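Take a look at the structures listed below.
Here chain A shows up in two complexes: once beside chain B, once beside chain C.
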Partner chain A sequence: MTESGRRYMLFRVCGRRFALDVNEVAEISELLPEYPIPNAPACLRGVVNIHGRVAAVLDLPRFLGDVPAGACRSLVLINGGGSALALLVEQMERMIGSADITAIRQVEDNLALAELVLADGSATLLDIEGLLSSLEKSF
Partner chain B sequence: MDMSQYFGLFISEAREHVRKITELTVLLEANPADRPTIDALFRSAHSVKGMAASMSFTAIAELAHKMEDLMARIRHGLAVDTTLFDLLLAGADHLSAMIDDLENGGTGSGNTARIIESISAYSPSEPAPPGPDVPEKAAADAAAEQPEEPQAGTHHENWEVPQTVRVKTGVLDSFVNTTGELITVKHRLTLLAANCRDAGLADAVRDLGRHLGELHDQVMAVRLMPLSAITERLPRMVRDLARRSGKEVAFTLQGGEIELDRSILELLGDPLAHVLRNCIDHGIEPAPERLAAGKPAGGMVSVRVTRHKDQVEITIADDGRGMDPESIAAAAVAKGVIGKEKAESLSVLEKLMLVCQPGFSTAAEITEVSGRGVGMDVVKTTLQSIGGSLSIASERGRGSRFLLRLPLTIAIINVLLVTVGRLTVAVPLTAVIRTLEVRRDELASIGGEDVVFHNGEVIPLLPLHELLNIQSADEPAETAAIFIAEIKGRMVGILVDRVLGHQEVFVKSLARPLSVLPGLNGAAILGDGQIIFILDIFHAD
Partner chain C sequence: MYIPIGYKFILGILLVVAAVAFSPDMVIALGYSREMTSILAYAIALTTGLILGWFLSRRLSRNIGMITDSVEAISEGDLTREIEARSMRFPDETTEMAASINLMTESLRQLVSQIRTASGQVSDAVNTLSSSTLEMNATTEEVAKALEQISHGAENQAEMAGRSSVLIHELAVSVELVAKRAKESAQSARDTTSTAQQGTDLARQTMELMKEFLETVEYTGQQFAELNGKLQKVGKIADLIVEIARQTNMLALNASIEAVRAGEYGKGFAVVAEEVRKLADGTSSSAAEILDLVSLIKEDSVRVRDTFASSSRQINEGKKKLSSTAVAFQTIVHTVMETERKAESIADLSSMQIDSTQKVVKAIDEISKVAEDNAAATEEVSAATEEQSAAMQEMAIASRELAILASELLKTVERFRVPEEQFAYHD
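Take a look at the complex of A and B:
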């Protein structure tokens, strides 16, 4: 999971820092006009049109039970696997490699693959499949 | 089995293979040791043999078989000399003539005794120019064959361009996408023309719309394929499954000629196979059990396909032991799929549909199809992802029915646009029987249920905002906007805030997680950029 050669993207939302394997990221875009989704949980704020694809926008903190995301500036579109999901991001941080990871903590959480310990704090490495399944179960 | 629909396909494919044999033979002559060419020649002959045999064109099959045998011997080390090339070319010419004959209404037979004998007698001298004996005689015989054949001499000078083209499906997909985008742009133009109030422009846009409609129909027609493309392997599959489980199962298929968009067909194969396997493995009882229950020893599994406007329904039914909603609910609770209280509150249909919950299928029940596990949950989500649906009906002791509903095409449909609160949603026009506008005081309440009187009928009302769990407009208007649909066999009036009108939209299929959200059958992007959802009102509750 964190072999050498893997790179991760760090981003912040609601004061929490998350990491995503770079291969899971299709695109980072600015905020787009959102349209409401009938019958959807509140954490799915709406849908956006990204190059003709209809992607659902997820307020990750809200889904995790925290306060809803504040002023967001970007959307991270998740790559493939039959999904069209975009995460709200307050701030994109840097890209890191496995050399930047000082330790990996296992977590009991089906949304996270691990907790990455870095020089300046930690980041929750998101499990996209776990995230999608959790979302779908909540419908 | 009626093979006539495959005739045209056989002709073009067989011709293509024979052309390839000729081409490969010439290549091989230039490079006699080239292994891939030898293999390719074998495969082409093999293909022609197989196709011709399945169509019962025995003369063609026999000759192709001899050529295949010859190539097999070459593959296994038999030496190559120039008589081989003559034989292969002569064989290809014969095949070509026979195919021509077939196409012109003949029987596809030919005077092949000599060429077959020559091919069988092929016995190379040293792998070099031919020796004087048998090989040369064989070549001479083969050459002498030709003038005796009607039309045999003509194909060398046949420069006719084929009347069909083979197109990669990716290219067809981009045709559909481009057509869809054009239609969306047309909608934008319509809006702009309305603002310009230019009659000439409005006319031009209308003409554009008409032509685009024709283009769309043509593009979609190209993508249609009969369901039999994937169902023709089912009888064999059923037979094998039945034998493996030691049961007797008869299989019937109706409606295989119904055509669907090929991308839907592609997705259907695995789900169909899995449901059928379920019926045979779990539904149909072994003969002794059936006899004890007063049923015939052999079970029956059927696939019936029907078309309703822009939907196709595939019903897979068995006359087996049926499913018990209570034991399914209990199993689901035991597996942790659902809580006990929730289970108790479910309807019969909902309990049966529990088998589609992820986590319900045990490893033993997941079909291995090409190395991928396909359980009932995948069947359901696959259907939903293409804007279709699954429902299950069952009766203990009598059997089960699985109803798969699919859109006929996935691209462009006519919808009714309605608003509920701040939400604009679309309903496929084929689901709408009528739209009504009535005054609020014309609505009534009977037994606590809101109803509307229409055409002498009492129609129960269902507010769409309740169905969709959203807020209605603050002030109910003086008039109520209703559209009438038939849901689960009942006429229902769906109450909305406003009916905006109807238009055609290009359907965008939904990906995860939205593809799993109940009640949605895709999305569409309107001319003004707004993304709206297409409702599946049959399953929104």
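Take a look at the complex of A and C:
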């Protein structure tokens, strides 16, 4: 599931730490003006224009915990095909490499690929495909 | 016609001699014999002599008998009788003697009556004197007791006067101590006045210092407010630094993403981006620490500001209280001056009291002396009263003896009987 030389982006949502494969991350951005999407689920707050790319903003705290987003200050633009998705996260942490991972645990969760054990704690490696599937199911 | 008894005898003798001389001639004339004539003449002369003798001696014997009876009755104490001498044609010495005896009897009656009356009066007077003497004796004894009490009272008075003198002496000493203490109090009051004046000056100086301190505090507060404003600016700058660091971090992350995307060519750039991110992270941490420090400083400044405000309030309160203290000191000064004046007045009054006390001591000493004299005089009077009591007792004895004498006298004169109408005294 993880390969040597892969790098992961760590961020925090609802007090938990998550990780994304850097290859799935297109850009990290400040909060931008959002434009609401009619008849969209509540977790989709709207669309934003990130350097010319239109992306739907997924309120990740609400989507994960069904709680309103707190002090979210960053958007993580996900690499995708035609449509782009921006994850609303609370705090960006840092980028880690495979060497920083001491162990990888398997988890039974549609939204997670694995549990990365680090020196200063652990992080849930998000499954973007599963996330999108789950998001599509919510419509 | 008064004819003494002797003349009557001479006249009778002359008549007998005349009868003897003239009877023979008369008998001769009768014609009897010589012898008969002689016998008749002698018989006539004898008869004449006997008749004259009987005539002359009858009255005389009767009067003398009456006188003798009267004198015997008088000698027996009977003074009731009187010689009732018959009236005589020719009174003689017996008539006068009877009258004299009657007069003597009357005089004796009056004397006995007077003696009886006087004896009764003496007896009554003696009884009265005896009772008076007894009363006087009782009164004298009461007087003696009263004098004894007076003497005892005088002794007590002298003793009390002595004690009073000692007490007054002690009082004088106490008053002297009071005067001394009053002077010391006046001196203390003066010292207190000076101290209170110094306290007033100190309070005024302290007020000025507190005013300066308050101004300093206010200035410090202003400076602190300025410092607080500057701290807020520091906080804003730190916020800005944090934001810049965050953005730098984000840029570093994006750079890292781009470096990863560049593959092998981007490794060096990734290292640089990571270093930048670390710097941004460190900057953010430092800025966060700055913010924490600013926050702590703000909290401290709030506390300091509150402390300053509290101190200002306390200082203002202190100023008010100090002002009240200054006023109180002024009041103390006035009060202590009044106290000083009163203490001096007490000292003056105490001095006057000392003089008065000394006079009282002198007067009490004189009273003590007078009381002692009174005690001595009372003892003398008591002795005199005892002598008087003894004299009264002697007088009572003499009265009883006098009463006995009066009784004996009365008993003696009771031997003489007098008519009741002449005994005028009745018990």
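A few points about this structure:
Quick note on the criterion: the second predicted complex is superposed on the first by the 135 of 139 C-alpha atoms of A that agree within 3 Å, B and C clash if a C-alpha of one lies under 4 Å from a C-alpha of the other, contacts with A are read in each partner's own complex, and residues count from 1 in each chain.
The rule is simple: contacts are C-beta pairs under 8 Å (C-beta built on N, C-alpha and C of every residue); 3 or more make two chains touch, one makes a residue touch a chain.
Because the structure is predicted, anything quoted here is derived from the model rather than measured.
Once the two complexes are overlaid on the shared chain, A:L118 sits clear of chain B and of chain C alike. Once the two complexes are overlaid on the shared chain, A:M9 sits against chain C while remaining clear of chain B. Looking at the shared chain after the overlay, A:A56 reaches chain B, while chain C stays out of its contact range.
Partner contacting the larger number of chain A residues, of chain B and chain C: B. Looking at the shared chain after the overlay, A:L135 reaches chain B, while chain C stays out of its contact range. Residue overlap on chain A between its contacts with chain B in one complex and with chain C in the other: absent. Chain contact summary for the complex, chain C toward chain A: residues 246-247, 249-250, 253-254, 256-257, 260-261, 274, 277, 281. Per the touch definition, chain A reaches chain C in the complex via residues 7, 9, 22-23, 25-30, 73-74, 92, 94-95.
Residues 177, 181, 358, 385, 420, 422-423, 425, 468-470, 508, 510-520, 523, 525, 529-533, 535, 540 of chain B are the ones touching chain A in the complex.
Chain A meets chain B in the complex at residues 33, 35-40, 44, 47-49, 52-56, 81-85, 132-133, 135-136, 139.
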